[in-house]
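Heads up, there are several structures right after this.
In what follows, subunit A forms one complex with subunit B and a second complex with subunit C.
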Partner chain A sequence: MEAGNLSKILKNSAIWGFIVLELIFFSIAGEFLSLSDKAFMDVDNMLLLLKQSAPIGIIAMGMTIIMVNGNIDLSVGAIFALSAVILLDSLSWSVFAGLGDWVIPVSWTLALLTGVALGAINGLIVWKTGVDAFIVTLGSMLGFRGLVFMYNGENPTSSLNWTLVDFAEAQFLGFHTATWFLAVVTLIIWYIMTRTVHGRNAYAIGDNREAAVNAGIKVGPHMLINFMIIGFLSALSAVVFYSESGSVNPNDGQLYELWVITAVVLGGTKLTGGSGSIVSTLGGVLAIQLLRKGLGHIGADTSTVNLVIGLILIAVLFLDRQLNAKGKEELKI
Partner chain B sequence: MASMTKADIGGMLARQGILIAFAVFIIGFTIANDRFLSPDNVMGVIRSSAILGVMALGVTFVVISGNLDLSVGSMMSFSTIVVLDLHDKIGPFLAIPAMFAMTLCLGAFIGFLVGYLKLNSLIVTLGMLSAIHGLTLTYSGGQNMDIADKEGTWFGVFGQGSALGIPVPILIFLALAALLGIILAKTAFGRKVYAVGGNGTAATFSGIKRARIVFLCYIMSSACVAVAGLIQASRSMGSQNTVGQGLELDVLAAVILGGASLLGGSGTIFKTVIGVLILGFIQNGLLLLGLQFYVQNVVTWVIIILAVWLDIAAKRGKLWSNIA
Partner chain C sequence: MTDHIPALRLEGIVKTFPGVRALDGVALSVMPGEVHALMGENGAGKSTLMKVLGGIYQPDEGQIIVSEVPTVMTSPLQAKSKGIVFIHQELSLAEELTVAENIYLGELPRRSFGRVDWTMLYAQTDAILKKLKVGFNAKTIVGDLSIANQQMVEIARALTVDAKAVIFDEPTASLTDAEKVVLFDVISDLQAQGVGIIYISHRMEEIFKITDRISVLRDGSYRGTLNTRDTTEEEVTQLMIGRALDLTRNESHHTLGDVALEVRGLSCGDLFKDVSFEVRRGEVLGFYGLVGAGRTEIAETLFGLRDPDGGVILLDGEEVRVTSPADAISKGISLVPEDRKGQGLVLGMNCRDNMTLPQVGNLSSGPFVAPGAETAIFDKYKEKLDIRTPGWKQTVGNLSGGNQQKIVIGKWLSMNPKVLIVDEPTRGIDVGSKSEIHTLIRELAAQGYAVIVVSSEMPEVLHVSDRIVAMFSGRVMRTFTSDEVTEESLIQAISGIAPTQKVA
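Moving on to the complex of A and B:
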């Protein structure tokens, strides 16, 4: 085996190794430190963990495409919130009053379309103006959040539809609805990224945009589609989450972009574009959720969770660079 | 000059676009509300922008050197909480230098990671945003910090005092802007910051120690954050753990509005001050028009995109991008 292959395998499996370490650590530490007498590796606990990973995880899949493509999207939290507001508000629109429970698919569609439209706005601006995606989405993060507030002031938007709640709380083969959504999204995005021309082009553009242009790849429409995908997934994440909770605050989803980017980077995707994998992103999502849950299990508070996740992010960046350090100069964003 | 072509005029408009937009806003708001340009109101706007402004001055250095700093918000919470806590424990004379030392340590740590270890600044400062927030919560135990004897201390002078009729926060902001403006524009260090951000490889080959310059930029940034934290603490005499949350993005918005490129190598302190004032006056103007704070978010969004777009459109000489 070549040395290059070895380091590649090390890198790809690093996140799963990390997850195993976390499981072992929290199981053992939990025996001594936990206040509850339930084991950490309890089946119910793990199922809950998967369910709780879904909102961040679904968006993280979209962020992986965006980052492989060489862009970034900071507005996902705001898109999440605006889609949630549209979802819950439209459930009680008088236009749909005669629909009965058929209002649910209509509201879902409206929420998802909202996400796609907001993503398309980002994508079009990035494409047509040539302004860096970081700045564009930093701006729309403020702007979309402003729209959320303009919609319903500082009041929460609530709507409890029991059919919807039953659906969201249902378990199929033991797994919660949210987990199934995460699994299906992961599978589809994995397929797109590894088995389609669109996915291959995403890597090509992120790796070397000029070469991709010379090879005849249409960079602009490509980026537009990717921004629409992440908009769709942010909305889907909101649909999954708020179908159950039934109430959205205008500040909801804030800092989601940070959690999502942390998960994707933990999974080994480069900010500079051209490399990253959906499976590793899933690993990153699970690793973060495991960390939050595990630290909670052994009695640590939020402050410790924040501290640990921040430092781990930096440590991963450092290790990743050590593994890749073969005279490759890191590009600036 | 009579021979100015249409393209020249367009280019000039775009280059000075942000100043022109600023002027249009001022005129528009003045017509809409005659209180807008009253000395009291203007003073009020600058005063409430001072904390954001001081932080933006430091971040300007970091951005010109080609990096980002997303940690300034939570770092500001940290310094505010620390100085309030130490005020009652060891007195303001010792609390202020101690807080500066601790904040500079955080800046040095980030500077070390980004400068010497060459890690990506976006991720490092994202991690530090979270880590410092955790540090602050650990330090305070999640409690709000308050100065016990608010009347019997001179500590309020930085945030509430005034000299010659001008509030002290404004004086600090302007003095710091002048000082850092001179450092950036007139010293060898300032030129090296531009060199490192403009073309890091070329800078290294011409003998500039890139790592050291980047390190120093983060030190500057954290020093500015410490000043901002001091003003904040002194103004309110008490604080929550999350006082600076989200400020990093406002700061970045101000710096970008001022025309600094995120790719590094361009931007000035003067333009950053303009960027800070634009944000402040827009917020104030919309409030005077009776609009809610969140309308300002939407307006800021449009302005940021337009400002950056016009800026790069002027550079490439074409309105629309070349992306196929």
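Moving on to the complex of A and C:
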């Protein structure tokens, strides 16, 4: 029985071990290969890394709940883009002209509500039709992206509000605004997953849906709530990112769903549901960002980065499979 | 029986599993052109024997002899190549493919460059189908066929090799009477071609109609072979059950309370029809019948998993409609399901969370779980039901079957249900824990719970029940009290034989 706990600890800390390896590797390799004379583990560099992790990281927290619940959401990138469009466009709506800087919380709220509404659409369809979430959100990914293009054609939607930019670029205790958002989201979702009835039931549904139904758990509402949470977080991610950049292209956020899922899976969450942890997802998010940044640091281009991350993902899943297969045999009575 | 060499002979087959001697020196011999029935209660060892024959299990002792050649079976496919073919109760066909593709699945005739030789495939298939005299052809899509015809496809598959022995496992379970006639014709054709047939069934009527000899297994050992012509149903039944019972009959006679649950005329499609019964507080009502008799389906209907299309359910005398498991639970009906791992437990979760799963919402303060209250409940029932686990943090998947079952039972007891339904209480549970679960069920009745036990093990039903409902193909044949029931009358009732009022 102790062995079970030990392998659990090993598995949960594996991603952090990987992060340490990455740090060591890039620090040493950086000495020889980097064009810049700054060390990889420079404080500013690390702070920036955290900030850059935020957009994917915030959504990844929602994806963890969704996947633990046994679903998946491919539409997060499109929700991200549509919420960003609403955010930036509404800043300059004439109805809000008299509000001054008070337009900021109003626009934020509108963007976040957009995310929740789009998530609710996904959730309702999955619940009421019983169609697999993969298919439903594949459809809504295309549909929501279509809405983005309908809104402003191929043109970017822009609006620079300097108060907003100042807020987004602020640093508190050294950490950027975006990092704080990621931290707070991580904490809240962790709390939901581990300390609430909803979190408990989400695990149960993902692990064994039939047993959950037989225990009187109403599966549909829980799934709906989770899709609303991830919709909200996709929008929040957009709010955090575009408050600073001030301009959104209709293609922004494409492939976000894949980066998010990669991070979550690297963190050890099972695609089949029932198992996963928020803390490990945070590890997965940081590991990917480190890899992107580190490979850039030693002079690799984007395509190399993608190739390496792809290979690592497959290697990790293969290892996981081997470990689990072994564990299962031991379990047999 | 012109040929004196048996088509298939099993000698002294022994197979043990940890704690169980599943087969203890079983012998069986099938002559060419003979239909040989293999009978025995659930758990008597029939399926284990067939798994040994199919190479899924290796016997610890004994040998399999095909046409006087000792043979080691390594897989069903290899067994087939030796001429031993299985027709399973559950069909394993690719429904989207044609009959021909299904029959030759994995061994399609080839032309050069790996191309399929369709002409040859269809010709060969049609030749086989002609032998079976069926009304469909090689190009029919299997999914479009009736269950009976799909079974014919399975049989056709068996005929692609030079079969020496064909094993039919409960082949008529899902067939109508007309379809049975066709099946029996096919069997007698096979017989005429000199194929030996092992016919596994519980249905006396069929056994006496089509078989030549009957071999009986009981508790994993061979109890003898009878010539069908010279024997009677009574004699076979005796042989099947005539052991010194290790489980005594339930003889407790505590006073019963009010009727907790009454069911009148409950029906659900083809699954069960016009089912009526009642169960009182302090009573264990057993449901006994063959697989497919509709017992589990009744339990599922009471628990809100199926919609009945007729009849009423009365709980404490009041008519109720149960629309979902959540609804059933709130009304006080709970179900310990047949498939513990698939339907009863969240295997990746710990013991405590599994036990409190239906009531986390009730225990919580607002949206937040209340770990203290949950642990208290777990500790109480761990003590009460003697659940052996190092602590509540233990993952349920790591517990033994008996302890897992206690977790599921504890889950419902902690919610104080009006009616507790236990479907196959001891399936997959070792012998020691079995009697513990039985004792537990009796204790629950003594404490005033109304308990329904669904089981396909006769000793179990006899041991725990105050009354027994005998079912046959979706109907209640008879309800016995524990005083009047005999093993013979029970077996006859569940085999669909008109009840004879023989009181022991």
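Following the convention adopted for this analysis, the second predicted complex is superposed on the first by the 324 of 333 C-alpha atoms of A that agree within 3 Å, B and C clash if a C-alpha of one lies under 4 Å from a C-alpha of the other, contacts with A are read in each partner's own complex, and residues count from 1 in each chain.
Operating definition for what follows: a contact is a pair of C-beta atoms (placed from the backbone, for glycine too) under 8 Å apart; a residue touches a chain by one contact, two chains touch by 3 or more.
Worth saying up front: this structure is predicted, and the values here are computed from it rather than measured.
J.: Clash or fit: subunit B against subunit C, after overlaying the two structures on subunit A?
T.: On the shared subunit A, the partners fit.
J.: Just subunit B (first), just subunit C (second), both, or neither: which does A:Gly98 touch?
T.: A:Gly98 sits against neither subunit B nor subunit C.
J.: Taking the superposition as given, does A:Thr302 touch the first partner, subunit B, the second, subunit C, both, or neither?
T.: first
J.: Let me test your reading of the model: by the given contact rule, A:Val136 touches which partner, first (subunit B), second (subunit C), both or neither?
T.: First partner only.
J.: Could you tell me if A:Gly274 is touching subunit B, subunit C, both of them or neither one (first, second, both, neither)?
T.: In the superposed model, A:Gly274 contacts subunit C only, not subunit B.
J.: Answer with first, second, both or neither: which of subunit B and subunit C does A:Gly153 touch in the superposed model?
T.: In the superposed model, A:Gly153 contacts subunit B only, not subunit C.
J.: On subunit A, which partner's contacts cover more residues, subunit B's or subunit C's?
T.: B
J.: Touching A:Val265 in the superposition: subunit B (first), subunit C (second), both, neither?
T.: A:Val265 sits against subunit B, while subunit C stays out of touch.
J.: Between subunit B and subunit C, whom does A:Lys218 touch in the aligned arrangement: first, second, both, or neither?
T.: Once the two structures are laid over each other on A, A:Lys218 reaches both partners.
J.: Give me, in Å and rounded to a whole number, the least C-alpha distance separating subunit B from subunit C in the superposition.
T.: In this superposition, no C-alpha atom of subunit B lies closer than 5 Å to one of subunit C.
J.: Considering each complex separately, which residues of subunit A are in contact with subunit B in the first and with subunit C in the second?
T.: 213, 218, 333
J.: Which of the residues in subunit A come into contact with subunit C in the complex?
T.: Touching subunit C: residues 1, 4, 195-201, 203-204, 207-208, 210-218, 274-275, 331, 333 of subunit A.
J.: So in the complex, which bits of subunit A are touching subunit B?
T.: Going through subunit A, the ones touching subunit B are 125, 127-132, 134-136, 138-150, 153, 213, 218-220, 223, 254, 258, 261-262, 265, 271, 301-314, 317-318, 321, 329-330, 332-333.
J.: Which residues of subunit B touch subunit A once you look at their complex with the stated criterion?
T.: Answer in residue numbers: 66-68, 113, 117-120, 122-124, 126-138, 142, 200-201, 246, 249, 252-253, 256, 262-264, 292-298, 300-302, 304-305, 308-309, 312-313, 316, 320-324.
J.: Sort out for me which residues of subunit C touch subunit A in the complex.
T.: 303, 305, 324-326, 328-330, 335, 337, 342-349, 353, 357-358, 360-361, 364, 367-369, 390, 394-395, 397-398, 400-401, 411
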